[in-house]
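Right after this note come the structures.
Shared chain: chain A. Partners: chain B in the first complex, chain C in the second.
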Partner chain A sequence: MAATYNLISSQVLGSSAASVTFSSIPQTYTDLVLRISARSDFSGVVENMMFSFNSDYSGSYSDTALRGNGAAASSVRDTSALSIYWSAAGNISTSNTFGSAEIYIPSYTASQYKPLSGIGAGETNATTAYMGATAGLYRGSTSAISSILISVGNGSNWLTNSSFYLYGIKNS
Partner chain B sequence: MTDETTPTAVEVNCETQEVTTRPLTADEIAAQAAAAQAAADQKAAADAAAAAQAAKLAATNQKLIGLGLTQDDIDTLLAAAKA
Partner chain C sequence: MATATYVPIATQTLSTSASSITFSSIPSTYTDLRLVFVGNSSAANRYLTLTFNADSGTNYSMTYLVGDGTTAASGNRTSDTSLYTNNYGGSSITIPQFITADIFSYTGSTYKTVLCTTSSDKNGSGNTDRVAGLWRSTSAITSITMQYLITGSNINAGTTATLWGI
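Presenting the complex of A and B:
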């Protein structure tokens, strides 16, 4: 049976870092999946986990996001974002809890704009936790995605033991 | 060793699995700061919209109580509406 879900690369931080980039992504898969468990040094509950492709920060991203924190729900639309973001845990979340996110990027080598979808949660195990679902589109280029940067939005660094996994999906 | 005041970037080369750690460049810092501000603005707008909606619901709830409904009546109506 063919292996259709392969780990391409991973990174578990041994020390704090502001960003993690997967570069030279092989062009041999059909889709990509990012799975992330992360906590930042932001002195708040929720960190904005930001994604950028091919080192493009030119406002070429659009997204629709649904969010909830247990008390209220909201929806936002952004058509010229500099990146796409999901929730992660900040540093006043319950000790040692990490936010999580999974992002699916279909047809990342196709000559077209790149859609993606994801879900994420900023956990606290306490009073307030955010969860969100996002549909996004990268419109900066129709070139294949060869690098993905995951950076902090509110804090300065991802903390030690934050983990980042990039998988490749094959259709056969 | 990197300067602790300079944010660090970790790059994983998926072809070679080589991991490189380096300080962010000034351009990268500026770009990430801009993206972070934009994301913060977006979240603030979402939070403001959610707060406005919650305030509107609370005001509507008070209006219904002013009309003589009990909170239990209102909760029953809301539960039925969601079903």
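Presenting the complex of A and C:
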């Protein structure tokens, strides 16, 4: 049987970059999964990832997040951006620690608004660890997703050794 | 070629609305099951529930963690007649919600543990949920039925559910 969980593309940064783009995403899968390990130059502990699809930079994104920092749980919301909360490390996090995230985009070719799920976490052996679960929605278009841009929420660049893997899952 | 370990067992995409979706005759040859649901309901803010092997006894329970954009909360439900995949419902008539359920050791002779995620953002409302569920049965799971509660709410046309074996 053919593999149903396939690597489409990957990018491991050899130098800092403001964003990472996956383009020309094949339309032959059922779902997409992004698995990311990232750290930014943000002068804080916790970084957010910002997502845009199909070069749509309008306010057609929203999200609802649940997050915890080792001391308390909270919930926040965006209505004009898609941020996967607390999914990357900022640059005053413990040295050599990167945030980890998985973003699942089901039915990315279906002619409908696109819901998605994200989970991000960073354990730093410090009093401020973090994790967040995010429900996201893209409602700018019902077109299939053919490109994904991942940019930094608070800082300016993703740092060297940040890695971004895009997988396709096929149900037939 | 290596043997595939993430195998689609069945997919159903509704061409017309339906009161439920059922996967039956689930093979017992996998270790775990994963259910992926993308859809919406004919009435808003309904709960998608799971029933295993058509068991409608009070054998289901769950503990949830939820965020609604303002507040984080946790609680539980006990002795339900189906497994709630979330506690806030969050379904919409028009905006699809994304729900997953990982069902561990579904052929084992112990009670069955299920981890659910619900992503129901609606641009200014909605919720994200994580649920630990339990079905108190020692039988292998051979069928799964998805249904929106409260009674009278259908699953809309266009909804897709896929069952994976791992």
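As a working rule, the second predicted complex is superposed on the first by the 165 of 172 C-alpha atoms of A that agree within 3 Å, B and C clash if a C-alpha of one lies under 4 Å from a C-alpha of the other, contacts with A are read in each partner's own complex, and residues count from 1 in each chain.
Rule of thumb we're sticking to: contacts are C-beta pairs under 8 Å (C-beta built on N, C-alpha and C of every residue); 3 or more make two chains touch, one makes a residue touch a chain.
Quantities reported herein were computed from a predicted structural model and do not represent experimental measurements.
Asks: Classify the contacts of A:Ala18 with the two partner chains as first (chain B alone), second (chain C alone), both, or neither.
Replies: first
Asks: According to the stated criteria, A:Asn48 is in contact with first (chain B), second (chain C), both, or neither; which is it?
Replies: In the superposition, A:Asn48 contacts chain B only.
Asks: According to the stated criteria, A:Ala73 is in contact with first (chain B), second (chain C), both, or neither; which is it?
Replies: Both chain B and chain C are touched by A:Ala73.
Asks: Is A:Ala65 touching anything from chain B or chain C once the two structures are fitted on A? First, second, both or neither.
Replies: After superposing on A, A:Ala65 lies in contact with both chain B and chain C.
Asks: Tell me the contact category for A:Ala144 with respect to chain B and chain C: first, second, both or neither.
Replies: A:Ala144 contacts neither chain B nor chain C.
Asks: Across the two complexes, find the residues of chain A that touch chain B and also touch chain C.
Replies: Overlap of chain B and chain C footprints on chain A: residues 65, 67, 73-76.
Asks: Across the complex, what residues on chain A touch chain C?
Replies: 1-5, 30-31, 62-68, 73-77, 79, 104, 106-107, 110, 112-113, 115-117, 133-137, 139, 169-172
Asks: Help me check something: in the complex, which residues belonging to chain A touch chain B?
Replies: 8-11, 13, 15-26, 46, 48, 50, 52, 57, 65, 67, 69, 71-76, 78, 81-83, 85, 151-154, 156-157, 166
Asks: What residues of chain B sit close enough to touch chain A in their complex?
Replies: Of all residues in chain B, those touching chain A are 7-17, 19, 21, 24, 28, 31-32, 34-36, 38-40, 42-43, 45-47, 49-51, 53-54.
Asks: In their complex, what parts of chain C are in touch with chain A?
Replies: Interface residues on the chain C side: 1-4, 6-8, 11, 36, 38, 65-72, 74, 95-98, 100, 117-124, 126-130, 158, 160, 162, 164.
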